[in-house]
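Next up: the structures, one after another.
Each of the next two complexes has subunit A plus one other chain: subunit B in the first, subunit C in the second.
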Partner chain A sequence: MELNKWRIQMVMKSLLPIFLALMIGYILIFISGYNANEAFTYLFMGALGGKKQIMNTLFAATPLIFTGLATAISFKAGLYNMGAEGQLYLGAFAAAYLGFSLQGLSPGMHITICLLGGALAGFVFALIPAVIKAYLQVDEMVSTLMLNYVAILYTTYLASYPFRAPGSSNAETINILPTAVLPRFVSESQLHVGFLLALVAFVIIYIMLNKTILGYEITALGKNQHFTEYVGMNVAKKIVIVMTISGILAGLGGAIETLGTHGKFVSGFSPDYGWTGLTIALIGKFNPIGVLAGAFLFGILKNGGSSMEIMVGVPRSLISIIEGLIVLFMTVDMLNKRFSLGTKIKQAIQSLGSSKGSQNNLKQEVN
Partner chain B sequence: MEQLLSILHTTLRMTTPIALAALGGLYAHRAGVLNVALEGMMLASAFFGVITSFATGNIFLALFVGILASVVLGFVFSFFGITLKGNLTIVGLAINTLVAGASSFILQVVFGQRGTFANQKIVGLKELDIPILRNIPILGDIFNKHTPIVYLSLLVLVVVHFILYHTKLGVYIRTVGEKEDAAVSVGLPVNKLRYISVLIGSVLCGLAGINIALENVTMFVENMTGGRGFIALAAIYSGRGTAIGTYVFSLLFGFADAMQIRMQNIKIPGAFIQMIPYLSIIVVLSVIGLLNKRSRRVSDDV
Partner chain C sequence: MSVIEVQEVTKRFGDFTAIDQITLDFAEGEIHAICGENGAGKSTFMNMLFGLLQPTEGQILLHGKPVDFHSPKEAIHSGIGMVHQHFKLVPSLTVFENVLLGEEMTQSLKIDRQREKESVQATIDNFGFDLDAGDKIEAISVGAQQRAEIIKMLHRNVDILILDEPTAVLTPQETDELLDKLIELKNLGKTIIIITHKLDEVKKCADRVTVIRRGKKIGTVYNQDVTEKDISRMMVGRDVSLDFDKKPCTCGDLVLQLNNVTATSKLGKKVLEGIDLEVKQGEIVGIAGIEGNGQAELMELFSGTRKLTDGEMIYKGKKINCCDPAALRKMGFGLVPEDRYRDALNATMSIWENMIAGRHKDYCKLCFFDDKVIRQVTKELIEEYDIRNCDNIDALVSTLSGGNAQKIIMAREISCNPDIMIMSQPTRGVDIGSIEFIHQRIIQLRDEGKAVIVISSELTEIMNLSDRIYVMHKGKIVGERETSQTNKEDIGLLMAGINHQANREVAFSYGT
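Up next is the complex of A and B:
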């Protein structure tokens, strides 16, 4: 009984902010002079009204599952990898490059190589902030933020100059070969096999976090780094492992966008998947199930939002307003929760403010 | 030489919004509040500044409304993040999303414009031509002919430094951030000080937003702040939470921006130039980390 009650409370806590945000969205549509009932009908019918609509919603959720999981796993370990966006871009470009340059492979083989390439790109790019965090104590939040810009600038350069498709007016590469394309389930919907891969990633991360030693260590690391050092865990090594798993997930997400959605690398293709993934991970409380639910919610809003725009003319930007409000209202429920980001930031600031940081590092060194 | 002076002139121009946001965020940072909403605050100020300038033709009113918008967001951020103790990062990201959505939405619904809003009637900031400065070689080339906000930002640097280290308010703010328990036990109004820190940041972000939108472009473009809020955060971190350090790193970004604008004319891909500040922050922090490690090892041996 207790557990049931708790569950209902949890569901209510997440539904209330959504409901409130939708209410405000409704009022905004109304005072902007549109037919609000019609707009909301299209919002929901466009996202959930039929098989095709639901498939498109899942399609919209696919990259968010990857970036959400990528962020969740690192944040859970107390590592603030904000670099999913950049890792996603490099993964996407690597997959595209392998997709159009490798000839004569069987489809299964070609797709696998492209996915591995995307994962490898994400891995390598996450290795930089991981290593300088683990061994030089460079704050990962700053380094990953900075590397995002580097990745976006670099891939834009690649798609604008050396690998630009001849005659294209946009910064994009040529199409990948048919053998590298992730197939769609049905022709009417854009949903492709990448969604299944996202579910596989979800299951793996879920099991890893809940059933393996590494998962236990990640949770321990997130709760108290000094304790884990004390009991003899090699923290530096764990930092590198967690950060690179996170990078691999984001890189895979990018690769899947290239292979399933665009069929080539398009510069600036991501409408902030990395940032949305970060938001999803935060409101999902770094829990894979929460990430999955958040990705679907944002998928519904994105997909329904475009149908609302096409059918009723309500600007799509309304969806950003609703998303922002949902996230804002959800923070209130986190009252008094054991939520370590605030603590971590306080620590970071303390160590910057005084020279306390070096003392902590000293402890690390001694151990 | 002329080239170099012109680059330095642009550097100062490009540094200004970043430095204002960073110096604004610095108070919150020192008070133990990570203000991710700097970006949204600047964007809101840019948007409402442009709208007001268009509607009234009065630049002072535009400045006032822009700062007001940013301050309102500061209250929202503080209310959810400090009073309700919501997660600050989430609240900040939510505000950024909200502002990006709301500015596009209002633009489309009220003004029927998509993405950009440019109009003859939008009055911009005038560049100042200072008679004494004009006649000084080199210095005049770099420091003359900027918007008033650029000069104000230099003053802000001095004031921020002074307040943080030489006034009671500064000591209180730093205490709240460094030793919250101690601050509580001596009876400091912790939440009030945090509100003040965030709101000072809002005012400076308001100035930054106005300078971005109303200096020489005089228009509003979706997401025209372009991540400057996050760059400002990086400048704060890299500058180790000091006013001068923060300004120096803001200058680095401003310089790279200026270089990249210059490079657009000669056909070198700007991407690599643009990468310089991001990469150099990583290199600088790594070197600091390495030096710290070395010195610790030495002291351990002793």
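Up next is the complex of A and C:
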């Protein structure tokens, strides 16, 4: 019973920042001189108003599920993998390379190989910070953050020079072969089979975290590393496993973007999927279900945002403001946890309310 | 005449009643001991007197007037001071700075250090404490730190002093000094409330004793009317005995051996020096010493979380100088560390998750947990080890009291069937009923032929359990004794670092 109450509280804590952010977004649209009601109607109708709209929302959510899960699993283990963006790029390039260079394969085979290639790229690239963290205690937050630049700039170089599509004005590779393309469900929506793969990844990660030894060890590691080491789990090995699973997920996300959305590797293709994934992991409290919900929310904002822009003329950057506000309010929650801000406010209000010695109390509470 | 009257006070946390209708009075100028098992509600009760918690029902009268404290500040203002078990001192500041923290004496904008120091020293001298107001907290002994805590309260002119487990961190000698001091303070007219498990101390200093069991008051008695046995019976609800009839030790093969082991801290300071030690099958080896003399580092060495810099550690004839905890456990080590909630338990995980930690791999089919088996095993262990308040094994382990949490650790480690069991402070903060249980288990392990090492700063525990005793002082082993051929005084002197020469003289004087 207590556990349920706790769960409801956790969900509420995630919903509140979203609600507050939307409310402020509403006010901002209003004072910018647009019809806020209309804008919000198009925001939600554009994202959820019909079969096609919903499919496009799911399409927008697909890469975010991968990067969100990638970040959530590492954060859950107390490891701060900030490198999802870089791992995503490498996965995307690896899949593109295999996609246009391997010939004469059956579609199923070709897609599988490309996905494995993307996963492998993410794995190898995450292995670097993982190993130096596990065995040399190098802060993974710094190393993964820095390695992002390596991955993004290196793939840009590859797409600009050695693998640039002949005659193209952009830094991009040639198209992958038709056998490597992830098929769409219907022609009028960009939603492709990659979404199902994202759901599969979700189910696997969910089961792994909740039902298996590895999930238990990851949770223990994230909550108390001393304990984990003391009762005889191999902490260094766990760090490598968690970081590389995280890398594999991000790499897969990149591969699926290449195979399903662009059909080639395009330099700078990601509108911060990695960082949005991080936000989603935070909203979802590192829980796979929370990540799934968060990815849909950001899918709604992204997809609905464009219809809002087209129909009402509200600039899409407002959506970025709402996203930023969500993060801001999440931070307030973290501050609350760390400095018990809420309790202090509550106490202050209570002591104001009580008749005797109210000022005195307030002073002490502030102290 | 009573200074504090507590009338039918009840404190509930949700559905849980921590304090159930307690009515109690504290007389002016008495030492009143509050005894009870872990989780009985002693600390909750005191926190209500000190304004850290507010009663759900009932009221507290101070000098006959109802009071309603919402913070310790208000309590101190009304003359109630509390010394917590874990000191609240800033190590890098001096004694007088700590005493006046938050109430600095200022002259315009500057702190008048000279006046501060003089005023605190005056309080110290006034009460005849052995303490220098100018010393830094980090440079003085634990006993002196505690005196600083008491002065902190006395300097604020409190007449009622609450002490929460004050002797837990003290050596036997320091404990005696403290108890004498408390009696002196009482004679100066202060009212002293002392929370403790240790009945010999209660007998030494208290005027009246109140026993609380499971949130209910069992009774208040005059100290002179009762024996230690009576009090422990009131606490536990049955007869308790910590004197066991141990079978004589039948030692087997050598299990673990330390040869000239040295370890240094990160700063290069030697924390362990030239340690020679051995333990055999079917033997309990006690390691005595005042806390902070290298026992914690020794335990880290045993558990593989600290590497030795010199010497060798040999287990069953094999050198194991650089093993991690996982490897040691595989070889048959059972480890009960000192810091329960840092190393031994994961406070934010459930009871069952903690119960299977370390051998969780035994409970699964193809990487998946076998829920049914885990639940059954956990329930069996809870029953076998008489762990209370554990009906819901999905509850967080941190909801359990110290004694029950410790029993979870013992249950887990013993059920792993180790060849050698190494425990540090196995009964710290554990109530007498649980101590009895844990001690019986430890002796049972020995009788089964396991090698056992008990590191403890509790001299009685060392004397009761061990077959052989090593005494540590400043990172070295300063003495080794057969328990049957030594006594508390002998060990106590070794703990204080009295050298062998002096020691021999003392032994001689005991002889005559």
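Assume the second predicted complex is superposed on the first by the 313 of 367 C-alpha atoms of A that agree within 3 Å, B and C clash if a C-alpha of one lies under 4 Å from a C-alpha of the other, contacts with A are read in each partner's own complex, and residues count from 1 in each chain.
Assume a contact is a pair of C-beta atoms (placed from the backbone, for glycine too) under 8 Å apart; a residue touches a chain by one contact, two chains touch by 3 or more.
For clarity, every value in this text was computed on a predicted model and none was experimentally measured.
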{"item": "Contacts of A:N234 with subunit B and subunit C, given as first, second, both or neither", "value": "second"}
{"item": "Subunit B versus subunit C as contact partner of A:D139, first or second or both or neither", "value": "first"}
{"item": "Contacts of A:L127 with subunit B and subunit C, given as first, second, both or neither", "value": "neither"}
{"item": "If touched residues of subunit A are counted for subunit B and for subunit C, the larger one", "value": "B"}
{"item": "Touched partner set for A:T279, first subunit B, second subunit C, both or neither", "value": "first"}
{"item": "Subunit B versus subunit C as contact partner of A:L20, first or second or both or neither", "value": "neither"}
{"item": "Subunit B/subunit C common contact set on subunit A", "value": "361"}
{"item": "Residues of subunit B touching subunit A in the complex", "value": "29-30, 32, 34, 76, 80-81, 84-91, 93-105, 108-109, 174, 177-178, 180, 227, 230, 233-234, 237-238, 240-241, 269, 271-272, 274-275, 278-279, 281-282, 285-286, 289-290, 292-293, 296-297, 300"}
{"item": "Subunit A-facing residues of subunit C, complex", "value": "14, 70-71, 73-74, 303, 305, 324-326, 328-330, 335, 337, 339, 342-349, 353, 357-358, 360-361, 364, 367-369, 394-395"}
{"item": "Subunit A residues touching subunit B - in the complex, by the definition given at the top", "value": "28, 32-33, 128, 132, 135-139, 141-143, 145-147, 149-150, 153-154, 156-157, 160-161, 275, 278-279, 282-283, 315, 317-325, 327-328, 330-332, 334-336, 339, 341-342, 345-346, 348-350, 352-354, 358, 361-362, 365-366"}
{"item": "Subunit C-facing residues of subunit A, complex", "value": "2-3, 211-214, 216-217, 219-220, 223-224, 226-234, 351, 361, 364, 367"}
